[in-house]
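Next come two complexes, and both contain subunit A; in the first it sits with subunit B, in the second with subunit C.
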Partner chain A sequence: MSGVQHSPDAAMPLDTARGAHGVQPALWYTAALALLALLLPFLEGVPVIGWLASPFQRIQLTYGLVFSIAALAFNLLLGYTGLLSFGHAAFFGGAAYAAGLLVKYLHVYSMEGFLLAGLTSATVLAAVFGSVCVRYTRIFFSILTLALSQVLWALALKFFWITNGTDGLSIPTPILLGGLVGTAGDKVRFLSFTYYYYVLFIFFICVAVMGVIAASPFGKALQAIRDNEVRAQFVGIGVRRYRWYAFVISGAFTGVAGALFAPLNGLTTPDILHWTFSGKIVFMTVLGGFKSFIGPILGGVAYNYLETYVIKTTEYWQMLLGIILVALVLVMPQGIVGVFAWGSRRERRNR
Partner chain B sequence: MPLLFAQGLRKSFGETRAVDGVDFFVESEELVSLVGSNGAGKTTLVNLLSGLLVPDAGSIAFQDTDITAVPVRDRIRAGIARSFQLVNLFDQLSALDNVRLAIFSRDGTTRQVLRLAERNRPAREEALEVLRDFGLEDKWDTPAAGLAQGERKLLDVALAYALRPKLILLDEPTSGVGTREKGTIMDAVAQLVRERFLAAVIVEHDMDVVFAYSHRIVMMHQGKVLAEGTPEQIRADERVAAALLGKA
Partner chain C sequence: MDVLLAQLLNSLLYAAVLFLIAGGLSLIYGVMRIVNLAHGSLFALGAYVMAWGISRVAGASGAEPAYLIVLLPVAAAAVGATGAVVEPLFLRPLYARAEEYQLLLTFGLLLILEDAMRYIWGATPLTVSPLWASFGSMHVLGATYPRYNVVVILLGLATAILLWAFVFKTRFGVILRATSQNRRMAAALGINVSAVYVQAFALGCLMAGLAGAVIVPIQGAVLGMGVDALILAFVVVVIGGLGSLEGALVGALIVGLVRTIAIQYFPELELAVLYLIAAVVLITRPAGLLGRA
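Our next item is the complex of A and B:
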């Protein structure tokens, strides 16, 4: 019972601190991308990359960053612990609904309030779901997570006097940092500038914290459980308990993403609780590459562009996404990151 | 009382009595070899002692405490570690991380969530030292899956050793490796028993290895202890010779 079997020679090291050759360029790319993201709103009209800086594109990127947080959190379970959850919509949607209910019943419009409510509800949900699900692994784990999340979806659909059913709950423009930064003006300006920075900042925090978790002794223990459950037990790791910890942490960060999503979308509908949304999170993670830490970040951003533009081109967009997923699994199981790694290996060999 | 003392152990799988009323003990700093043909019950006995299996009957005491029904983690904490006949490693993790994980777990630092593993210098140094003890220091950065069979066997033993046990159970540590590597593995183990004052139970098929390294030999046959004694006594025992040739 060693869970997910990977082919190790093809695997990118999950540990980003490893491999003296790989680190330096990767760090530079990361720093360059972070800088680009920080300066983006001021690059409108700049040749070559100016188109990326338009308000529409910045809002797209904000969606992408939100999805990236969810995919990263999801990958703590898939890539690091070897558990494939098909229920992460519950934590994402649960957090978004928590924000919606906060508005509806308590008339709270504070973004920090949304985040706190989202984080708390997702953590509690993950703690409860996790206590049931981590008793199992592989397909049984996946089915259980799916089933439990579907219960939540059904509740959101049926308790319409609370959740407004399929109409969903509307989320007004929130107050950021207790009104410290201005939220006045039009919605597009808010989302593409103020909220863009807000999400970017939280994104950086989440990446840093999850990066440390992944490279911590705890993170190593998760990888050990993924690689060999029996041996993990025989070096003294409480396998089930650590799976539960991983589940709760993963759910909590997914909740942060869900809370950030709520005002961005302006509406929370049951479809972000549906298992197909869990499937999207799986898709993003596999697209980016679940065997590396940064893969899901690229996957989250790339998926959002993919969906946005594929929807525009054809009404059969779901079929097209399905074809892409199949091609992905068959041709590039390492995802986008795998393609980059392959490219840089070739380059090094040619030198 | 000996370090480990087991009485009347029984374990059946269906109709098969894998271990059938075995009394077994290990003294401190003793290297005991378990020998016998395939199916004699050696691995089952090790599985019972290490907690992978629960006995149908009998009792096991370690340092005068009953551990018959104690879960694996608590046995490890008490000081019993084991290696595996079929190598059990964390294949995607480097050799260093494999050993380091045992150290983290032993020290209870796997609970550290917001501290980089790399920042724990003492753990790193100790892990490198363990790798050096087993001649694997050059391979510290290699994923376990990328090591040669002999190296994987060594790393498997190194993981158990890194837990700093009082008793180490080694299930065929030299099976499936070349003759020269057998010597390397057994020398490493014997040296650790000598210098670090630990006790070891070794399941072994190679009688040359057994006679060369053991303090005491326990011979099993069809789930029972057939003979027991020093290498000289066992060498002189006719029943042992007969059983080894498959005539008993």
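Our next item is the complex of A and C:
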């Protein structure tokens, strides 16, 4: 992008193609899963998988998709650029708060309004934070992102007359597409059907756009920076500028996720600005596998199920997440995707 | 005048505790190049062990100053021992791998430790304020000030001097500095680097535990105190320079002073002001005020 010329063969397929095997099955699985997601609301009567299609499960999946967008955006930085941010809650929560403030002060109930406000605020925040943070890499980058996002959290908490403090801002059922789609009826029906499709649609767009970015010469340049900063500089890549672009793009998409999250949750509390929420985004990405493009998608969905079902069974879910994270890092650094890849390799060997 | 002096002492008290936490964090980073995200939780662990120990020994009857002298080293040593277990078990397998993994792992440890403390000691805060009260108050230049707080300030000062002497005047200090400068060369010269790593990590954790144990009579042991402390310790080491003990001292003094002023005049912006300072330092002097570039 932007003036820098790359050799044409730098534009190779996505990261999933690494190691040449497994591309075709991966594409197949992806298409099958996408189709399943599209048809899900109509599968409620089907015997074996019917329970997956219940309104409750569809709302869970909607949460998962929202988290997936955030994790995917986060992975543009971690997996592709090699920068571990502990401050993505700022963009997620910032966008959600933008939607909340839009309702509170301007009485706007349009979902597109939320998205626009979320996207804008997250992009501006990312541009500002990024201009400071990308001067550093590795641990300093992590600390800086963490620190700046905590400032936002502290502000949300302390300026309670604007943000309602710990009570948070409530977000009513939004108007979709300027009223073209009926939003009447009960909340569960809205969230599990109309809003489910709305999120799914935006999810597809985000995945496609981020996929294109990751596979583009720009994406390859980011990977070059990740692998060897000095070499990247020698071939003419403006390292700091590219890192900043990556940071802003990552923040912007995280903002989309935050804006989608706001009406889904119905409430924005300072929790989603706190750095532990950034930690959750990190967790999702590592759970799915940050060495591949699709890993964070699986991670986001899987994380949400984990949280939903683990919270139900134990009060100490945080400890469980911690144990899983430690285990992942020590024995399964490739995440869920790594397990699949391992399985398919075995299969091939047996053949 | 009295108020001003009390505020100054408060900021020194705050700086003393922050130095203990950030100094440990910085020591570990200086030797091992690891930033331990669970460091704040180890501080909290020290606080919980101390509070639990005092309530066990002294009961509800109140506390004698003597308990402090007995239990302070015990609580600090308990946290140091935790560190000595954590390093070989969890961190050692990661030294050959990318830096992200260490951060992820210590974040996992943070989650585990926070919930472990909630499991063991419950969600209600533990307080041992009788111990604080038993020290009474004293007159400093015409102002009345709690004696315990002065003890904490002196303890922070003593630790700083001891640590300096330890790192720069003892044989182990030489080994520590050698390892921090060049791990391979140190190993080639016959230094057992693994042992140095365990000791350095345990020492850093011990300092965090000491900070927790010493602050508990003043503010009690609360869930979430670890994470708050971690964030402030980051600010301290960013200002002072990560890996530098003098930097941790200077950073702690700056943060302690600024925070006291901020709480007095614009409480809403307390954290924001601290981070602003940290950001300005990072932009103008990336390695911190006293850090090695």
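Quick note on the criterion: the second predicted complex is superposed on the first by the 331 of 351 C-alpha atoms of A that agree within 3 Å, B and C clash if a C-alpha of one lies under 4 Å from a C-alpha of the other, contacts with A are read in each partner's own complex, and residues count from 1 in each chain.
The rule is short, and it goes like this: contacts are C-beta pairs under 8 Å (C-beta built on N, C-alpha and C of every residue); 3 or more make two chains touch, one makes a residue touch a chain.
The shown structure was predicted, so the numbers you read here are calculated from the model rather than taken from an experiment.
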Partner chain in contact with A:I237 - subunit B first, subunit C second, else both or neither: first
Which of subunit B and subunit C A:I213 touches, first, second, both or neither: first
Which of subunit B and subunit C A:I143 touches, first, second, both or neither: second
Contacts of A:F42 with subunit B and subunit C, given as first, second, both or neither: neither
Partner chain(s) touched by A:Y105 [first = subunit B, second = subunit C, both, neither]: neither
Partner chain(s) touched by A:L78 [first = subunit B, second = subunit C, both, neither]: second
Subunit B versus subunit C as contact partner of A:N228, first or second or both or neither: first
Residues of subunit C that touch subunit A when the two form their complex: 29, 35, 90, 93-94, 97, 99-101, 103-105, 107-116, 118-119, 227, 231, 234-235, 238, 242, 267-272, 275-276, 278-279, 282-283, 286
Subunit A residues within the subunit B interface of the complex: 2, 6, 8-9, 11, 14-15, 17-18, 209, 212-213, 215-221, 223-224, 226-228, 230-238, 242, 249
Of all residues in subunit B, those that touch subunit A in their complex: 50, 52, 72-73, 76-77, 81-82, 84, 88-94, 97, 100-102, 104-106, 109-118, 120, 123, 141, 143-146, 159-160, 163
Complex contact set, residues of subunit A against subunit C: 78, 82, 84, 86, 132, 135-136, 138-140, 142-144, 146-148, 150-151, 154-155, 158-159, 275-276, 279, 282, 286, 316-319, 321-326, 328-330, 333
